[in-house]
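Across the two complexes that follow, subunit A remains constant while its partner is subunit B and subsequently subunit C.
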Partner chain A sequence: MSVETSDIRLERYDLSTASFGALVGIGRAALIIVPLLVWELCSRFGLINGFLFPAPSLILYKLWVQSGPNGNPPYAILWHVAYSMLRLLSGITIAVIVGTLIGVALGMSRRARLVFQPIISILMPVPTLAWTPVLLLVIGIDNRTTILVVFLAAVFEMIYIIAGGIEMMNVKMLWVAQSMGASNGQIFWRVIIPGVFPYLITGTRLGTGYAWRALIAAEMLAASSYGLGFMIYDASEYMNMDVIYGGVMLIAVLGYLLENVLIGKVEAATTEKWGSTQ
Partner chain B sequence: MPNATRSEAAVALFSEQKPRSTVYRATAPVVVFTLPIIAFLVIWEVAVRSGGIDATILPPPSTIVERGWMLLNPADLGQSILLIHIGVSLWRALISFALAALLAIPFGFFLGLNKTAYLIASPLLSLLLPLPAVAWTPIFLVSLGQGDLTIIAVCFLGAFFPILYSTIQGVRGIGRHSLWVVRSMGAGWLDIFRRVLLPGALPTLISGLKLGMAHSWRTLVAAEMLAALSHGLGFMIFAARSYMDVSTMFVGIVCLAVIGLLIERVVFGSLEAVTIRRWHGTGKLGPSR
Partner chain C sequence: MSVDSARILPLRNGAGTNPKIVAKNIQKYFGSVLAMEDISCSINEREFVAIIGPSGCGKSTFLYLIAGFEKASHGELLINNVPIVGPGPDRGIVFQEFVLFPWLTVLRNVTLGLDIKGVPRQEAEERARKWIRLTGLSGFEDAYPSTLSGGMKQRVAIARALTYDPEVLLLDEPFGALDVQTKNYMIQDLQNLWLEASRTIVMITHSVSEAVQLADRVLILSSRPSRIIADIAIKLPHPRDLRDPLLRRHEDEITGILSAEVDKAMSLERQDSTKVERRGS
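And then the complex of A and B:
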């Protein structure tokens, strides 16, 4: 323990003190606020092109108006967000279910792995968005197209991670459950699912990241009326720069919330319930 | 399912005991890998030929191969449409990747070494990191117009953040102690960079470059669909859609997958192998006590 003490003493200079913390806080705020302020002033005083770079206050005002009853259509932003989230959620849900089933099958059965692993490994490197035109032809401009793109973006990651997770699992646990007379259903729900749960969560998190990126692009290519990707792409056709910037900001904030807050919460809740198993 | 695991264990047991010829050992994995793919293609072909699937929506593999051969135009490779599309796409992806690496690596080293700067920048970075690069496309479309510049800018942003993030993680993972040790022994900054920082951060850095290239390649497809004036694989696929030319679309998809895989496996695989050989066991250069 004496070694530890000397270590702590050496590292003391970067232990965060109150004043250091405050300084970092100010720096963080400044790094976001100062550029916005400079942008605002430059745009207001005509130093930069006010059409290409509308002042941030105008962007926020536009966002506010568009999400209120006076927007065109009314509550437009809310509908865009709702549609995007709905598509993301449906695609992810299907991907989690299908990915878990295929992943477990691949992990458990040697025969399934021999047959399906090569096929999956040639489909995996295809950029998800390359499927969009094919789906557009098969399905047309429809919610199903965007949902399928989201599904494709997430499912391979899920399969890959869950199959890997099963391989890491202790085979003896299965033997124990079997020797005590557990049925296949019981083994699936009581042994396999809790066993792969950490991997399931990791897969969902990574998959959601990919899916979010794919969703925005797919909505640009394949959505007809709503969705954040559609909103910014449609705005670019009419050159509504304020809507584009507002949409990009919204996408950034939502992506941040999705990746850090929501999934972080789910992760914390589940690891509390099941522990990290073993 | 549990029976399968048991038989798996049995198979593992038996295969260890049976001695096998070298030819078998060399060819068996290849055959085992390609057989399901061939079977899959044959089923697809039969399903379409027998009329189970509409050939205008899902053309049989033979038609796709034929189409690809026609586009490749092997008689006159200089005029090959497919090669031009591939070349233009590769050029765009590589330019944006190179620019991203050139800017992101020094910046990443700076943020990785300077803790205060990292703390200050981290909220902004975590806001920009999950932002899909494609979301920038409309902004560039309006300000730069359609064409190469927009595509390269979007792909640049797609590659920049993964590389930046991995560089920061790689440098931060080195551990202050190894820096102190080397400095206390009188190493200059150049030596520290060359002997400690670079080898220490390299494994993470290379996986970041790999990720950056993958992102750049994937973003490229979307950007080319949205903003290309002519040429590029994404453009080819999206233009084929207007003519209901599904087999050309599948040719494009196959090319995208194969090139992506080649870049990942061949280019970065050999890069990884070289670094591991050059700095053998540098993975151990973690935070140590």
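And then the complex of A and C:
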């Protein structure tokens, strides 16, 4: 559930006013700002080890410099982010498409479910990273390896959730479309896809979470020069603590943006507008 | 039926004499359970037929056979003298639970049948607006179904089925999910719509008063495995008044047949269950 929806609920049920919303906003900001401030002061005044815990201002400064033309290499952070996002978004896109197709096939056909359920149940719990050495040997240190890892991390969740969504769908929706003379293709695009859309969003959201974790780890093992995972791993070799913390912060911020801004926007334009799905 | 009432039948909308749907010795098994023993009937063009029976007798199954959602195990089911092999746009369906598409606005729900046919958008909207107006949904074209009341959802479902111009309208307990006031209102409306649309209508219901108010003919099904135990013509003009003594007589007659059937079914059921209990003890 996105942060926005929980806000609306609070406002509806707590008879609250604008001041309550402002209070929530202040509380949220304080939970981020206060610890950073404490960290900053402790680091500056030598209460904690300034090498292991460099002040947040220094971390941000490092990120700023590394994002500019004086970075090493120039614009390094932007390249790291761009590579990571390219791998993440390609992997997730493929996972959403493949997962939806397989999920729909499994959801629609009891026979397909009986045949494929065991193999999916066996493969699903295998940590995606366990595949990485195999992929590295077969494909090599290449974007394709990291994209495949992201794909594997997200696709099983998609299949499971879409297949479940199809089973929850009212078969009479298909009947209505059939009695209008809809072809199988029309039924797929006009009924099945919008019908499972809420599940598609949930699957994408969960899949993206898994994919992020897998991506960063895979980049530590299988990226040659760019990517946030590579950046953190590389920095640890040289004990660049500020770069490591900077990488962690970037991952957190990007994850938040993906989850709440990108997926949240899609959700607001679709399932939230449609209201209840029944 | 008296000569008087026959004379005031509205001719324009009177049922034709050409058979539209013909069922010959339909039998339906679910697994090894016989649900439908032997159903034969003929439904004429522009006739409004209500099918009524004890709950669980397979009324809806019969409707789904006509719609083509289910297949008969034995027997022959024809529409316009052609065997029914699957669902098609010559038959429109309205379900008790509406089954609207929540991701489409009222207007898009109603135009969907025409969109699927490939009718140009402007023409589709024009045709949709006619039925939106006649079902009293004007002003709600851009609303999503989740914001509508039950009665309005059912109006959308009816408008959606009428807009793509099916020859036969199949209604599966269309008022079952509505409150009493909404239901009475919808029954009045459906009579007017039927006069306007002049289609063949087959309606499944468990309410005798709905059946006698709306239908030209009421078929009564027995409890499972079902047969047709009565075929009652109601030759009264539309719109009908429930207080009409002739209508009352039909209502009593049908209620009598139906409750006798329910009594029989219940006593059989009870016998069965006591047998099971005795065996168990």
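Just so we're on the same page, the second predicted complex is superposed on the first by the 237 of 278 C-alpha atoms of A that agree within 3 Å, B and C clash if a C-alpha of one lies under 4 Å from a C-alpha of the other, contacts with A are read in each partner's own complex, and residues count from 1 in each chain.
Simple rule for what comes next: a residue touches a chain if its C-beta (ideal position, glycine included) is under 8 Å from a C-beta of that chain, and two chains touch if they have at least 3 such contacts.
Keep in mind that this is a model prediction, so the values were computed, not measured.
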First (subunit B), second (subunit C), both or neither touched by A:Y256
first
Is A:V150 contacted by the first partner subunit B, the second partner subunit C, both or neither?
neither
Does subunit B (first) or subunit C (second) touch A:L114, or do both, or does neither?
first
For A:Q178 in the superposed arrangement: first (subunit B), second (subunit C), both or neither?
both
More subunit A residues in contact [subunit B versus subunit C]
B
Once the structures are superposed on A, label A:M158 by its partner contacts, choosing first (subunit B), second (subunit C), both or neither.
neither
Taking the superposition on A as described, I'd like to know which of subunit B and subunit C A:Y233 touches: first, second, both or neither.
first
Do any residues of subunit A touch both subunit B and subunit C, and if so, which are they?
178
Looking at the complex, which residues from subunit B come into contact with subunit A?
1-2, 4-5, 7-9, 11, 32-37, 40, 57-58, 115-116, 119-124, 126-128, 130-139, 141-143, 176, 180, 217-218, 221-222, 225-226, 234, 237-238, 240-241, 244, 246, 249-250, 252-253, 256-258, 260-261, 264, 289
For the complex, which residues does subunit C have touching subunit A?
67-69, 86-89, 91-93, 95, 97, 99, 101-104, 112-113, 115-117, 144-147, 160, 164, 166
For subunit A, which residues count as touching subunit C in their complex?
170, 172-173, 175-182, 186, 190-191, 194-195, 197, 270, 273-278
Of subunit A, residues touching subunit B in the complex
3, 7, 10-11, 14, 23-24, 27-28, 31-32, 52, 104-105, 108-112, 114-119, 122-123, 125-134, 136-138, 171, 174, 178, 184, 187-188, 209, 212-213, 216-217, 220-221, 229, 232-233, 235-236, 239, 241, 244-245, 247-248, 251-253, 255-256, 258-260
